[in-house]
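Next, two complexes with subunit A in common: one pairs it with subunit B, the other with subunit C.
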Partner chain A sequence: MDTSFAGRRRRDLVVAFCLAAIAAVVPLFVKDVYVQNIMVLTLMYGALSQSWNILSGYCGQISLGHALYFGIGAYTTALLFTKFGVLPWFGMLGGGIISAIIAMALGYPCFRLRGHYFVIATIVIAEIGLLLFHNWDWAGAALGIDIPVRGDSWLKFQFTRSKLPYFYFALALACVAWFVTWWLEDSKWGYWWRAVKDNPDAAESLGVVVFNSKMGAAAVSAFLVAVGGSFYAQFVSYIDPESVMGFQFSLLMALPAVLGGIGTLWGPLLGAIILIPLTELTRSFIGGSGRGVDLIVYGGLIIAISLARPQGLVGLFSPKRKEVAR
Partner chain B sequence: MTAETIIQSLASGLLMGLLYGLIAVGLALIFGLMDVVNFAHGEFLMIAMYVTFFLFAFFAIDPLLSAPLVAAALFVFGAVVYLLIVRFAVRAKANAGMVQIFSTFGLAIVMRGLAQYFFTPDYRSVTNSWLGGKTVSVAGIFLPVPQLVGALLAIAAFGALYLFINRTDFGRALEATREDAGAVALVGIDKNKVFALGWGLGAALVGLSGAVMAIFFYIYPDVGASFALIAYVTVALGGFGSVFGAFAGGILVGLVEATTALILPPSLKSVGIYAVYLLVVFIRPRGLFGSM
Partner chain C sequence: MTTPLLETRGVWQRFGGLIANSDVSISVGRGEIVGLIGPNGAGKSTLFNLIAGVLPPTQGSIIFDGEDVTALPAAERCQRGIGRTFQVVKSFETMTVIDNVIVGALVRTTVMRDARRKAHEVLEFCGLGRRANVLASDLVPSEKRRLEVARALATEPKLLLLDEVLTGLTPVEAKTGVELVRKVRDTGVTVLMVEHVMEIVMPLVDRAIVLDLGKVLVEGKPADVVRDPKVITAYLGDRHAVGA
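== the complex of A and B ==
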């Protein structure tokens, strides 16, 4: 087995291709709408977490405010479509670009901050965004926006009869986010980011432009998350500030990467595959009582995994791969 | 807007600010001691409020009298949380910062779930307590008595904490451990014991503020979330690790909140606090009184 870095990267690409191909045929056999819904959400959170991982995992700038970009993506698409009749595809691109610009504009002052000061700044900025959208009458304020149904079509990216198109888009998004990470991992940016994460002062002294590499990571990360938000708006067809910009989204983007393995290529997807079905299943099977058992199970799992596997679950697969493969 | 309204709201802002300081100081103490941010801090407050409520509902003990009992209960709780969870989180060899954030965050979710399970999501309140709903008039300004007592309690607690840290053996051990947790072992201080007592003390201070908050605020499983973010901002504003900073940060947050409520619609009053936080750290990245 080729154990060199280049060999590992080739193998990752092949594995990813096989997994994507397998995932693509699964919904042809699993017709249950509830299960399909969970699969769409799993892929979406996998993609979001993968994007979050670029800034927070590889570059080490822990953001708990990515809900802002998710919300901006969702709102840009929904507003352009309902107010001006602009197709969601352009809204998606526009939301991504706006988010990337905002991420850099916010990064300009924020990237001077370190540690907890930075984390709290990201939380606070997303909260300000949430409160502003709550009070912005033109954008529906607290009531939100109902996206009118104009019939099933890829052009308008609306499907009422089947969840399959959403599934394939979410799969594509997850593949793109994974591929971007795979590609950046071995680019000069990837090396800069890891240097910035490990020791920003040493990186600076060796000629890495720390500030610019943080800005680059923020822009890529925000763009992809906004595309996810835009997809989510089409998927649920109704958005309000809490449901697309609430703090829980910032967490749901971070958790899969943390559980799977932060700053790793496979961590976010692995984390999402475990966490999202678990979240949905506990919610519908034991959360229905409204008595919080789902929260106890969910929180307990987070404590257990973060204490038992600080490096993430992905480590379970790689070091002993040979024995397992045989 | 008359001068009277402005003075009136600044006065209540100041009282609320002192309470924010008391809520936040436990967080500052723990961070100063061992560089850990407790992301379940709001849930500690929630538990303190429930303990106050049940002591009142079942044993008719007024919050004013039960405050020391609540503080004692939270002391034990804080120490147990350290021994069961945080002690292992700080030992993590990889991603130490992440592990601390998410293990305490997982604890917050579990605590909320347990509160929902045992206490139901219903809103509770302490009705007809000695201080509840009363106001006093000082020079024509009306002040709510619970907040006033809370503010005085906060000042007393900060004074006591100052003396405690500077004048007692345990306080000195605390200071020494925060300076150099490795070296204190050489002079016979058990680091784990100091950390556990530090967590107990931090939680006891939250207990005190929870007893006061229970007099005038609704009690429900998610109540902590609304105060937790204010507490983090308060601590960061004052500068992480600085106990005095939490006191000053609390007062600033209270005054800014009151001022914002005068200018912007009430639903935007937190925007002022957040904006001031950003402004301060953009100019001084280590908060007002923090050390880098």
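== the complex of A and C ==
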């Protein structure tokens, strides 16, 4: 087996391609709409978590406010479509760009904060965003926006008869997020981000412009999350502030990566594949009144992971690394 | 005569009421190994941080390679050719040794293959070639020191600032360290090193600058410096000054 660095990178790419190909044929055999729905959500959260991982995993700037970018993506698409008839594809792009700009504008003051203070700032800012949308009449305020159905088409990105198109888009999104991470991992940015995470002072002494590195990570991360938000708006076709900008989205982006392996290439997808079906199933088995049980499941998993395998589940798949006795 | 590579002109650094550096003017010529010595609290590390750009001096200016770099941040100074190590090692612990060095190499190139090749060369040069794929957190202390040097060398510095890289090593490790510093100088890099273990640095350096209480006390050839009564007083106190 080729164990060189280039060999490992190529192998990752081949594995990803095979997995995507397998995933693409699964819904041809699994016709159950409920299961298909879970698969769409799993892929979407996988993609979101992969994007979150760029800023928080690789660059080490833990954000618990990414729901803001998710919501901005969803709202941009929905508003442009309902108010101006702009196709969701442009809304997706627009939402991504707006989110990237907002991420940098917020990063400008916040990236001076370190550790817990940064995390708290991200939570607070996302909550402010939520409150603003709650009170913004033009954007539907607390009632939200109902996206009118204008027939099934890829152009308008609406599908009422089948979930398959959404599935394939979510799969494509997950592939893009994975590929962007794969590509950035072995680039100047990837190395700079990890250096910034491990030791910003040492990074600075080696020519890394720490502030710009964080800004770059924030922009890429926010852009991809907003595209996910745009997709979600089309997928559920009704949005309100809580359902696209609530704190639970911030958590749902962070948890798969934490579970699977924060700052790793495969961690977020692996985490999403375990966590999201588990959540959906608990929710349906316990029923609507069980709201909160899924959170207990998260909590339990996170505690188990942080005790038994703080580096994430992804480590289980690399037997090459020997455990160093201490 | 050519201009010195590094010059500090009347540099002051105050931390509130504490004066860490007062009116320090030193110069380091191209290709020299200069030792910056002095007792604890003399202001060596502060002067280092000022030269590396970690903080701006309260007053005075720093001239590097003919240009005033006083206002430039650390990353920019690295790009201009000032490399440094840290007294308390600051490895990127979750990254492998080779990846640590690649971070440094990326200042000079953005082509990953070149950066990787450069990093391998530097690791061989520093005697860490066989440890390339080990996590930095798994290195022993002396290896971590060498990794600090390797990382800085990968940025292709004109001036290398070594902050106590030889302190706390076993005699054998220190000897390899001394050889490494000589080898670095032989590649054309100027070295300014902080140390306070006199017997290690004195045979190594071309010139020594002694700091005491934030001021330059003496500078000159190592052999002269160690005999200077002022230096002996600074290190050992007044009683020993006369009997030397």
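Criterion: the second predicted complex is superposed on the first by the 307 of 326 C-alpha atoms of A that agree within 3 Å, B and C clash if a C-alpha of one lies under 4 Å from a C-alpha of the other, contacts with A are read in each partner's own complex, and residues count from 1 in each chain.
The rule is simple: contacts are C-beta pairs under 8 Å (C-beta built on N, C-alpha and C of every residue); 3 or more make two chains touch, one makes a residue touch a chain.
Keep in mind the model is a prediction, meaning the values are calculated, not measured.
Q: Is A:V208 in contact with subunit B, with subunit C, with both, or with neither (first, second, both, neither)?
A: The second partner, subunit C, only.
Q: Could you look at A:Y34 and tell me whether it touches subunit B, subunit C, both or neither (first, second, both, neither)?
A: neither
Q: Regarding the shared-chain residue A:V258, is it in contact with subunit B (first), subunit C (second), both, or neither?
A: After superposition on chain A, A:V258 lies in contact with subunit B alone.
Q: Would you check which partner chain A:R194 touches, where first means subunit B only, second means subunit C only, and both and neither mean what they say?
A: A:R194: touches subunit C, not subunit B.
Q: Figure out whether A:F285 sits in contact with subunit B (first) or subunit C (second), or with both, or with neither.
A: It touches nothing on subunit B or subunit C.
Q: Please indicate which partner A:Y238 is in contact with in the superposed arrangement: first for subunit B, second for subunit C, both, or neither.
A: Neither subunit B nor subunit C is touched by A:Y238.
Q: Of subunit B and subunit C, which one touches more of subunit A's residues?
A: B
Q: Taking the complex as given, what residues does subunit C use to touch subunit A?
A: Residues of subunit C touching subunit A: 52, 54, 73-75, 78-79, 83-84, 86, 90-95, 99, 102-104, 106-107, 110, 112, 116, 138, 151-152, 154-155.
Q: Which of the residues in subunit A come into contact with subunit C in the complex?
A: Counting only subunit A, the residues touching subunit C are 5, 186-188, 191-192, 194-195, 197-199, 201-210, 263, 324.
Q: Mind pulling up the subunit A residues that touch subunit B in the complex?
A: 62, 109, 112-117, 119-121, 123-125, 127-128, 131-132, 134-135, 251, 255, 258, 262, 290-304, 306-307, 310-312
Q: With touch defined as at the start, can you tell me which subunit B residues reach subunit A in the complex?
A: Touch list, subunit B to subunit A: 31, 37, 85, 88-89, 92-99, 101-103, 105-117, 120-121, 221, 229, 232-233, 236, 240, 265, 267-268, 270-271, 274-275, 277-278, 281-282, 285-287.
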